[in-house]
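We call the chains A, B and C, going by the order they appear; numbering starts again at 1 in every chain.
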Amino acid sequence: MSKNSSLQVMQERDMHKVVVGQKIMRVVSQFFLYLFLFAIAFIILFPFYWMVISSVKTLDEYLLTIPTLFPREFDFANYAEAFNTANLGRLFGNTVFVGVVSTILSLVITVLSAFAFARLEFKGKNAMFAALLATMMIPGELFTITNYKTVNDFGWLDLETYGFTVLIVPFLVSVFYIYLLKQNFMQIPNELYLAAKVDGTSDLKYLWKVMIPLALPTLISITILKMMGSWNTYMWPNLVADSQNYWLVTNGLRKFSVTVDNRPDTPVQMAAVAIVSAPLFMVFLFLRKYIMKGVSRSGIKG
Amino acid sequence: MVENKHQWKAWIYLSPAIVLLLVFTVWPIINTLIMAFSENYSSLAGLGGQTFKFGLGNFQHVIGYKGFITCLKNTMLLCVLTVPLSTILALLISVCLNAIKPFQKLLQTIYFLPYVTNSIAIGMVFAAMFNIVGNISSQEQIITTAGIINNFLGLFGVEPINWINAGSSYWANITVMVVYIVWNALPFKILILLGGLQSVNKQYYDAAKIDSTPKWRVLTKITVPLLSPMIAYVVITGFIGGFKEYSSIVGIFDVGMGPAGDHGRLNTMVGYIYDSIKNQQGRASAAALILFGIIFVVTMINLYVSKKKTHY
Amino acid sequence: MKKTLVALLLVATLLLSCFSMAGCGKKAQENFELNTGATYDGSEVELTFYHTMGANLREVLEKYITKFNELYPNIKITHSQVGSYDDVRDKIATELTVNNQPNIAYCYPDHVALYNLAGAVITLDEIISSKAEVKRADGTTEILGFTDEQIDDFIDAYYQEGKEFEGGKMHTLPLSKSTEVLYYNKTFFDQHGLKVPTTWDEMEEVCEKILKIDPKCIPLGYDSEANWFITMTEQLKTPYTSATGDRFLFNTKENQAFVKRFAEWHKKGYVTTEEIYGSYTSGLFTNLKAGEARSYMCIGSSAGASYQRPTKNANGKYPFDVGITTIPQADASNKKVISQGPSLCIFNGTEQEVLASWLFVKYLTTNVEFQAEFSMTSGYVPVIESVADHPVYSQFIKNANGGDNITALSAKTCLEQKDAYFVSPAFNGSSEARDQVGQLLQYCMVQYKTAKDVDAMIDKAFKDAVAECEYMS
């Protein structure tokens, strides 16, 4: 008996040691976890920081051989110049309009297609999906001339009549997003779908009530990426939007911020980018909440 | 069980995507094919009345070009190096981020910032960080500034390394490119993987907690399998994107596609296509089709592997 | 289901090919021919003009469009800054495919060679020689073409550039030009009694001397290797390219010799270039930080003079005075400097569109007021000689100095060397040749120090460059 009890004590002691050890391990691992995450954060932040400080440098300081890590003097005139010369207000409105409309339409198309690929069975599904993936594999630059001819034949180059159609429609389908959402949809157990079928729920209702809420984080990621797209696209708008009334922000930025002898006036460009990025950043801050919500909404749990 | 009803339903759901793809993607691809097989095709010369005969001339021309092998090699190398590296790193970051409570929001916000950072800014920062300003290739070297990276390494007693300037080595160039490309790819992958991680059912983890399964086992046995569809996604699209690498090299080395004194050393397939697209669309199309062939094979292998390993 | 899909695909493809046939069917590019006696009849015409002007130049342009409209109120001109020169070229090359090109555009000679594959650029010879009368809104008249005085007024080399195409026909008119000049630190040169080099031999000597005075410097910075190579072939009268026959002729003994010489200079630390140095050479020239490298001479664009001026001290004075002069020569009797900057070309359209475009181009290139104001705003130099007599412009030149009025000093230098300008042949592939010779010189400079057999290295670099040119064109 006594042997047994001493064994018990020893076991308890060991247990205690293990718990303490686990606690230490926990603290140490948390420390390294944070160290790692903050180091990455620093590396990721640096170019952003660079963008912001460049936007308040004078052109002279910006052109220094050894770049300064902190502006010697703050030149906020860059912001005023960016705002005034680039007619940013108008371009900004255009970009928001094109961005919002393309995002909404694109989401509808993406959700429907991803649903078909993830949940419905039809002949040629795999071949169709492979073909879709294949279209991503040819560099899009080669499409420019043909697409330009096509939109010209459709008459869409007449922006006065057709408005922003030519800036929106050609880029509505993104195989990237369809694929992404399909992957996400496929994670949702099929039982839910079959149950819904038994209940007599229609596909669209099921899609709306179950699939979309469950895939919300992915949908928001797609929204962000698509919105960013209209903030960054340059080539196509520059080609098709002849009138300033239809320019997007990037067109304005590239065209207005040049010095006398056609060197880019980078500080002004950076200021303009900072101005147009700010609202986008706000949108992200607002949406982030929803990205993080994925689990709590999960209808599968329990 | 496949109901017949579903057949037409599926096509209805797919129809908007199909119609738009036919007009704005398939049709240009058909045109690409036509151009690729029209010898020495140039659209402007075509307008000028020149005709082009059907043949394989463009393909012969592209393959026979000695710079083409360089492009192919660079493209493959960068792809093979950057895709696995960025995926593993992004996975690690997402898992870590998901495992903490304080600062989670802040860090997530920071990781998002590259999306609202102008791409010109990013390229300039990286170029400036690695750039040595000075006359390195003259007898008496003069170095005005060795760049932030070299200054940092100097703290550990490392001699300045010629990363991207005149006379730099190929592997130094590749190292910089890998760092830059991985950096660029991270935010997107983190966004996707974190999104996936958030939708993973917490039950699995609770079960693991009760069993006090070691962390790395949780990672390899639970997290990775549950995330496998998302991982498959970032790997496959990563490879497709990686084979189309171009703008990142321009970001560091400008359109010269190589360090001073050795332009074109880091040229890629898409770089070659860009060079020819102005008035040699036939060759550009042929090169695009060759690239397509390569990506197609790699993607099929990827899909095959992921199908075997993906857990739904 | 599969059958339906196939059918759908087929229908869509057919539909689309019909569209594209329609596109082709237009056969956009009929070569324009001027009917005898044709003239602008005052009808309403809308013109578009693509350029790369920044905000301050656009103001000048708009002012003169208004003045032009006082003479021709029915010619409505929409102008737009398309981006960089390359953006202009790429946009027009795409627009040509659906006959949607502008009427007038900024151009470099190789752009015109590209557009000409489609036969899209108007040749101007017939219009220039036309004596047809054009009525203006103010009751006066002008002849459609150029008068002899107007042709004489053009700086000859600039005017000739428009003819550097296969067939020798006039394709472009010069709008404003720049060249390369030698900037030097006048204060330093005076202080040490150095002579400003006028030949490459003198350049070599002065670099050696400067290095002895300041061992931590790079005496000379050269912006563009391509300009250097091409200028040397002109100065030495050695082959570069030809618009006809064998096009890439630059692989010669003489050219290899000067490349070797400059590569050796680089090894000795006499010279660097923007790309090799890894930063703007103007930054090197204006750098004054103690302990850091600097240069005392810089060869760069005459339009960038304001960048070659150091920042003012706290007491409002420039730390050193900048001198500007003609770049060194190989042969004093054969002075040659490169000519750069935008020209204007006119695209196919209806007869009235073409003639209206011509009248506007003629107005911009021959109007003394516009040329003077445009030059003073841009830092480029005017293309007609009579601008020198314009009161405001002559005052501008008179006030030239190496400090506040450095732009004027640069313009003055350019005007003084107007007989030395040359232009290179333009053909499809001429820009590739330019890139290749620049890279070739750069490559040899960088490799010189480590190459085992310098001559073999240079020979191979030349052969590779020619092969690359021939492949790409």
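Everything that follows uses one rule, which is that a contact is a pair of C-beta atoms (placed from the backbone, for glycine too) under 8 Å apart; a residue touches a chain by one contact, two chains touch by 3 or more.
Note that the coordinates shown come from a computational prediction; the quantities given were computed from them, not determined experimentally.
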| item | value |
| --- | --- |
| Two chains sharing the most contacts, counting C-beta pairs only | A-B |
| Chain occupying the most central position, where position means C-alpha average | B |
| Greatest separation from subunit B - chain, by CA centre | C |
| Separation of subunit A from subunit C, taking each centre as the mean of its C-alpha atoms, in whole Å | 41 |
| Averaged-CA centre spacing for the pair subunit C and subunit B, given as whole angstrom | 36 |
| Computed distance of Cα centres, subunit B from subunit A, in Å | 16 |
| Set of subunit A residues in contact with two or more other chains | 65-66, 122-123, 145-146, 150 |
| Subunit C, residues touching no fewer than two other chains | 1, 5, 16, 20, 97, 279, 284, 287, 292 |
| For subunit B, residues contacting two or more additional chains | 7, 11, 23, 26-27, 31, 43, 133, 144 |
| For the subunit B and subunit A complex, residues of the former touching the latter | 2, 6-7, 9-11, 13-14, 16-17, 20-21, 23-29, 31-32, 43, 92-93, 96-97, 99-100, 103, 105, 107-122, 124-126, 128, 133, 144-145, 183, 186-188, 191-192, 194-196, 198-203, 215, 229-230, 232-233, 236-237, 240, 243-244, 270, 273-274, 277, 281, 284-285, 288-289, 291-292, 295-296, 299-300, 303, 312 |
| Of subunit C, residues touching subunit B in the complex | 1, 5, 9, 12-13, 16, 20, 28-29, 89-90, 93, 96-97, 114-120, 215-218, 266-269, 272-273, 275-279, 284, 287, 292-293, 428, 439, 442-443, 445-450, 468, 471-472 |
| Complex interface listing, subunit C residues touching subunit A | 1-2, 5, 16, 19-20, 22-23, 48, 52, 54-57, 80-85, 87, 91, 94-95, 97-98, 100, 178, 279-280, 282-284, 287, 292, 301, 303-304, 306-307, 311, 377-379 |
| Contacting residues of subunit B [partner subunit C, same complex] | 7-8, 11, 19, 22-23, 26-27, 30-31, 42-50, 65, 67, 131-135, 137-140, 142, 144, 165-167, 256, 260-263, 275-276, 278-280 |
| Parts of subunit A lying in touch with subunit C, wherever the complex brings them together | 60, 63-66, 85, 122-124, 144-146, 148-150, 152-154, 157, 238-239, 242, 244, 254-256, 258-263 |
